[in-house]
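Should a chain be cited, it is by its letter among A, B, C and D, assigned in written order, with residues numbered from 1 in that chain.
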Amino acid sequence: MTEETTGSTPGPASPAAATQRVRFYQTGTHTLGNRLMDAESRTVQASTDRANAITSGHRACQGCGEALGARYALDAAMRAAGGKVVAVNATGCLEVFTTPYPETSWQIPWLHSVFGNAPAVASGVAAGLRMRGQKDVRVVAQGGDGSTTDIGFGCLSGMFERNDDVLYICYDNEAYMNTGVQRSSATPPAARTATTPALGAAPGNVFGTGKNLPRIAMAHEIPYVATASVADLHDLEAKVTRAMAICGARYIHVHVPCPLGWGSASHDTIRLARLAVESGLFPLFEAEHGEVTAVKKIRRKVPVEDYLRPQRRFAHLFRPGHEDTQRLAAIQAMADANIRRYGLTEEAPL
Amino acid sequence: MTGTLPFAITLDPGTSRLNHTGTWRTERPVYLSRMPPCNHACPAGENIQNWLFHAESGDYAAAWAALIAENPLPAVMGRVCYHPCEGACNRGQLDEAVSIHAVERFLGDHALREGLVPRVEVPPSGRRVLVVGAGPSGLSAASHLTRMGHAVTIREAGPLPGGMMRFGIPKYRLPRDILDAEIARILRLGVTLELNTKVTDIDAAFAEGFDAIFTAVGAHLAKRTAIPAHAAGRILDAVTLLAQVELGEAPQLGRRVIVYGGGNTAMDAARTAKRLGAEEAMIVYRRSRDQMPAHAFEVQEAEDEGVLIHWLRTITDIDASTFTVEKMEIDAEGRPQPTGTFETLEADSLVLALGQDVDTGFLARVPGVQIAKDGVIAVDAQMMTGRAGLFAGGDMVPAERTVTVAVGHGKKAARHIDAWLRGTTHVKPPRPALAGFETLNTWYYDDAPQTRQEHLALLRRQTGFEEVTHGLTEDTALYEARRCLSCGNCFECDNCFGVCPDNAVIKLGPGAGFAIDYDYCKGCGICATECPCGAIQMLPETT
Amino acid sequence: MLKQIEGSQGMAEAIALCRPQVVCAYPITPQTHIVEGIGAMVKSGALKGCEFINVESEFAAMSVAIGASAAGARAYTATASQGLLFMAEAVYNAAGLGLPIVMTVGNRAIGAPINIWNDHSDAMALKDAGWIQLYAETNQEAADLHILAFRIAEELSCPVMVCVDGFILTHAFERIDVPSQEQVDRFLPPFAPVQMLDVANPYSIGAMVGPEAFTEVRYLGHQKQIDALDVIPALAAEFEAVFGRPAGGLVRPYRIEGAETVVVALGSVNGTIKDVVDAERAAGARVGSVTIAAFRPFPLQALGAALAGVRRVICLEKSLAPGLGGMLASNVRMALQGSGTPVHTVIAGLGGRPITRDGLTRMLQAAATGGLEDVTFLDLNRPVVEAQLAAARRQRHSGPIAENLLKAVNHGPGPRRVPDRAAPGQTAPQEAKP
Amino acid sequence: MFEIRLHGRGGQGVVTAAELLSVAAFDEGRHAQAFPSFGSERMGAPVASYCRISDREIRLREPILAPDALIIQDATLLHALDVFAGLKPDGFVLINSARSLADLGLADFAAARPVHHVHSLAATEIALRHIGRPLPNAALLGAFAALTGAVGLGPVLKAIRARFAGPVGEANAAASLEAHDTLTREATC
C-alpha cells in the first residue's frame, strides 16, 4: 500500500484511479482476472478474447492438466504473436484427444507428424515459413514428457543446438499416459506406473533415475528456458510471453497433473500442481543462455507428503502402519535440495 | 493453394464442438451464493460484503447507499459497534480479519463530509407510526419506516436524541458532531422528533391516530447492590455519571475513584473518571480478566490510559474512603467463590457499573403486554407485543444490549411494522448455507495484514474527551475493503472461466457472472475447487 | 550445359535449379556429396531463397522436410541405407500426410554386417511407404529425375524418392547435360501446395484416423499411385519436349523385339546389361532387357506389354527378400499373371559385389539352356557357404555367421577356430561340455 | 574404349587424378567415366580409382578388370598388392619413382611388353620443384598423356587449371608439362 497519502481527499474517488493506486488484495495477482485488476494484470485466460487454441469437445479425461496447460500456453502465445502462431504436436494424449477424425479441437494451424520428431518438424516449419517470407508467423512445438525427454530427445537437442526459431513446450505429466501410464524418464522416484509397479521391496519407480530436461536445455545455452505450472497461470503466461519475444530456440517445461495416471481426483488437478510447486518438488524458474535469472518463491511451503498423499501412484508410501518414512524422507530431501538450489524460500535466497 | 484438402488427415478448425462432451458428466457444477460469516454474525443484519464490494472499486457513494439500506447510522456504528462480524471474518484464519468497522466508519464519515442523503423511493403510505424513544433502535426504525413511505413521529423523554449513544457512550468514543449529524440526516428524511415528551399512555397514542407504535425506551435504571456502608463517600452509578458528563454536569469524584463492575460501561466510567481528573481510576471486578464482559480492546485501552483493574475482588465493606475487598477464586464451574482473604483500597468515590433495568411502568397497564423475566418486554417473532400494533425493541426486549443490536431491532421492527400496516407478514428470506472457511480456496488471496487505526496520543487521551481512535484515510479504507474475501459469493475473478479444461464456462460480462455450458462440461470439478470464494458447488447429476 | 562432373554434383546442380526452399542434410555415405554440393551453393549465395539445415539424424532430416513442406516450402533431403531405415517412420508419415518432398536415396546395403557399398536393400525396405520410387540408370538421368520428381510430387501431393546407385553413380565423374534455369523454370512452376499451415486458414494436419476412415485414406493413397501411372509418362514426355532428351517414364525396353529371354532390372546395372545384350545379340542370342524406371507405382500394364510373348524373364535384383528370394520378381510376376512366363530371380550386386559382363553372360547362357533356377545368386562363392553350412550342421552353435564367412573368405573355407593340431573327433577347446 | 586404373594411397589424390583424366577426355569431345574404388579406406591406405575413355556413350558399370593402362602413384605399392592384376599384355604402366625400372625390379616385366610401354618417373620430385609439396598427380597426368596418347596434353593442362585455380593451378600445370616433356624425351631416345 502507498503511504504518501494521508487524510481525506475531497470528492468521490475515481474507481480507475483507485485501481491503479492500491493493489487488489482480495485476490492479489493470483486469480486469473477480476474487474479491479489492471487489464494487463489479468491473464489471457480471463479474457473472452482469448484464442481458445483448443476449443470444447476434445476428448481429454475429466480434469486433464495437459488440455489446460496447452490452451494456457497457446493462447498466451497467440496473444503475444498477434494471432500468428503455428503449432506442431508430437504424438501423445494431447494429439489424440484433440484430433480424432472427423473433428479437431484446434483453432490454430496445427501439424502432427510422429512421436519423436516434433522439434525437427517445427524446425522445418520455421525454415519453410522463413523461406516463404512469413517471418511474423511464430512456431510452437509441443509434446508430452515421453516425446520430449525420451523419444524426441535427439531431435529436441538438435533443435536447441541449432538455435532454431522454435518455442518448444513440454507438458510434463510424468509418464506415458497415452499408452496406459508407463514410466518415462520424467517419472519421479517411487511413482507407481504400469512398468514400475508398486511391488517388491522398493515399489514404484527407482530412485536416482530420470533426467532434468530444463537443465539439459540450459546446458545448450539457448536463449530461454523456463519451468511453469498449470497452478500458476500468471507465471505461465508471463513466461510464454517472454519466450515469444525472443528469437531462437526456447524451452518451457510445464507441469500438468494427470488424474488418470496419478490416481488423483479430477478436481484436484490444479491443486496438485500447486502442491508440487509449494513443496519444492517442481521449482519454477527462468534461465537465459544457461544461467538461472529468476525463480518463483514458494508462498506457502508444504511438506512433500501433502503433495504425495492424494495421489494413488504414491499410495504404497502411506500404507497404514507401514508408512515408508525412509523414502518419504528421500523425496523430501529432493524438495529441500531444489529449495536450496534455486533459493525457493526467503530463507534460501538464490 | 490448389485442389481439395486431403481426406480425414486434415480437419477444419474447431470442429470438435460437434462433440458434446457434457454426456460424460456425473456431477454438475452449479453457482451458488453462500451466507458470508460477517453478515451472519451482524446483529444489524448488514450485508457487509455487498457494501465492501462497492468500496473495493472506490465507489463510496454506492457502498454507503448499500450500507444504510440496513443501518442508517454508519458513522456511529463504525465507532461503537463491537463488530462481531470481524470475529467471524474468514480472513481472520488467513491472516487478520478485515477491519470492517473501520471501513464502515470511513463510509459514514465520507457520507457526512460529502452530504450524501438516502433516497426515499416509495410513495407515502398514508400510515402514521409513533416511535417511543430516540435511541439507536428508535432512530433506526424511524429511518427505515420513513423510507418505506410511512409518516413517523419520535417522542423522546429526554432533552436530546440519541439515547445511550449520547448518554451511555463517552464522546471520546463517539464525537457528538458525528452523532448529531447522523441523527439530523434521519430527521431530514421527514421524521418528526418531539423531545422532552415522555409517552405514558399507549392507548392514548393510538387514539391520536398512530397506526402502529414502536417502543424502544432502552434500559436506564442502574442496578444497585447492597454494600454495608458505614460512612459512605460518594456512591453513584455509571449511567448517571456518563449522562451528567454529557449534560455538562460532571460530578466531583475526587482524586481516587473505584468503578465496580466488569462490563464496557465500567470501562467507560473508569476512563471518564480519568478524564475528569481522577489520579487513580480503579476497576474492581469479581471475576477474572477472561470472564470480563467488556471487550478486550476496551480493557486494553483503559489500561493504556492508566486505569488499574483489580480482578477477583468483591467489595464487602465501605468505610469512608476505605474499601474492604475480598479476594475471590474461580471454582470448577467457573463461578467466583469467596476466599476469606481481604484487602483494602482507598478511594474517594464509587461508581457502580452493574447493569441497567428497563423502566416498564408505562406499559404495565397496556392490555396484552407481558413483562418477561428480568423485567423486559416480551415480543413475538415479529417484534410485536401482546398488544396488536405495539412493537418493541432495543434494550427493553430480551437481547444483548448493544447499539448494534438496537439498530438491528429498529430495522427488523420496521419491516414487520410495514408488513403489519400493509396487512401482510414480513417473511425473512431463508438464509443460505454459511460460507465457512473450508469452502474457500485461500491460495488465491494475497497476504495482506490488517490496517491499524491510529490512536490519539496517550496524554491527550488521559486529559480530554477528544476521539481516541482515528479513522482510515481513503487509501487505507480502500486497502482494507479490498482485503474482503467475498466469502461465498462470486466476485468475478474469472478463475472458473480460465481453469476449465473444456472451455465450458461462459463469461456473461461485468456484473452478470458466469454460466456453465453443460453441452461441454465434463464435470471434473476444477472450477469448484479453484473458486476462491466457494461460490460453485458440485451436485450429482440426476439420473 | 554439358559438364564432366561427379554424379552427385550433377544432381546437386539439378536440385538447385528446382529452387528448393529447405534442404536438410545428415551425412551418410554415399549420398553426402549431393547435399554438400547444395550446401556449398547456399553458403556461397549461388542458390538463393533456400535454407540449408544440418540436422542431427536422418529421422530429423525427414522430419524437418515434413515441417518445411507442410509450411508450404519446397523441401528436399537425401539419405541412404541405415539412414533411410532410421527415418523410416517419418518416411511413411510424409506420404501419409501427402507432402510432396523429394528425397534422393544413394542406394546402399543395410547391415549387419555393416556395408557401405551399393545395393537396393534400403529403397526396397521402404518400397511400400507410399512414396513414388524412381530409379536412375545414368547420371544424366539421376540429375533429370530430380527435376521430374519435384514436378510429379507436387502434381500429385505425394513424396518422391529418387533412387541412385551409391558410388556407381553418385561418385562417378561423367558427362552430364545440366539444364538451364530457364528450362527448369519452364517445366517446374512454383510450389502450390494443396494444404499448408496457414494462419488465415487454420486447419489441423495429421489427424488420428480410426477404423471408420483409415481404409479410405489408404485407398486414396493407392489411387494416387495409380494416377501416377498416367502422370509419370505424361510428365516424362513433357520433360523430353522441354529438355530435348528422355528421362524417367515407367519402363524402358531394350532390344526386346523377338527376345526369348528378357532381363528386368532397376538402376545403373541396366547399362552393363545393355552391353551384354548387345554382345549376346551379336552372338545370335535372342535376348533383351527392360529397365524399370518407376518401381512405385509399379507399372504392371506397361511391363506386361513389354514382356508379352517372351519365353522367360530374369529379374536381376540388387536386394534380397530372405526366405522368399526376389522382391522385383514377385512384382514382375503380377505383370505376367496368366501368361505362364517363368520369372527367375537372380540376386546380384549385394553389398557392392561387382556385376560383371562375364557374370551376366554366364547367367544368360544358363537361362538359354534352361539351367537357371528360380532363385540364383550371381557369382556366389559357393565353397565358402557350403563349408559354413557344413560346419553349422556339425556344431549346434557355429559362431557368428558373418565373422566366420569373413574368415573363410580371407583364409579359405571352414571356420579357423578348429586348430590344425586337434585330432579328428577331438572336441575343440571353445566348445562347452554338454 | 580405353580403361585406366590408378593406384595410390589415401590422400594422394588418386580419385582426383582419375577425374582429371575424364575431364581431359571430355574436353576432347569424348565420353569418359571416372570412379573410385568405393572403399572406406583412410589416409595412407592403398586405394585405386578408374577411368574409362570412349568415343561412344559408356554404359558399362563394372570395375575395370583388364586395364589398358596403370598409373601407380607410389612405388611402394608394388610390394603391397598385385597392382598389375588384369593388365592387358600391351597395356601401359606409369610408375612414380626416381628409381629406374631395373632398380625397381621391373626390368624383365618391362622387357616382356612393347617398348616404351612401361616407365618410371620421378613425379614427386617434379612436384616438389614446382608445387613445393609431394603431390605427384599433375606430373603423372602429363607423363601419362605423353606415354599413352589416350588424352592430349592440352586438355590435361586445361583440366588441371580448371580444378586448381590461380598459382596452384599454374604450378601443377608446370609440373605436368615438365613430366610430359621428360617422358617424351625418354620415350623418343
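Here, contacts are C-beta pairs under 8 Å (C-beta built on N, C-alpha and C of every residue); 3 or more make two chains touch, one makes a residue touch a chain.
Quantities reported herein were computed from a predicted structural model and do not represent experimental measurements.
Graph distance from chain A to chain D, where chains that touch are one step apart, equals 2. Taking the mean Cα position of each chain as its centre, D sits at the greatest distance from chain A.
Central chain assignment: A. Criterion: smallest distance from chain C-alpha mean to the mean of all protein C-alpha atoms.
Chain B and chain D have Cα centroids lying 113 Å from one another. If you average the CA atoms of chain A and of chain B, the two centres end up 47 Å from each other. The geometric centre of chain C is 34 Å away from that of chain D, both derived from CA atoms.
Each chain gets one centre point, the mean of its Cα atoms, and the points for chain B and chain C are 92 Å apart.
In chain C, the positions touching at least two other chains are 97, 198, 202-207, 209, 213.
Residues of chain B found to touch two or more other chains are 8-9, 11-13.
Only residues 1-13 of chain B touch chain C when the two sit together in their complex. Residues 2, 4, 6, 29-30, 116-118, 138, 165, 167-168, 171-175, 268-272, 274-275, 352, 354-357 of chain C are the ones touching chain D in the complex.
Residue ranges of chain D in contact with chain C, taken from their complex: 18-19, 22-23, 25-27, 31-36, 38, 40, 58-63, 65.
Here chain C touches chain A in the complex through residues 21-22, 24, 49-51, 53-57, 59-73, 75, 89-90, 93, 97, 197-199, 201-210, 212-213, going by the rule given at the top. The touching residues of chain B, when paired with chain A in their complex, are 8-9, 11-21, 24, 56-61, 109-110, 113-114, 443-448, 451, 473-476, 478-479, 482-486, 491-495, 497-499, 501-504, 507, 510, 517, 519-520, 522-526, 528-530, 532, 538.
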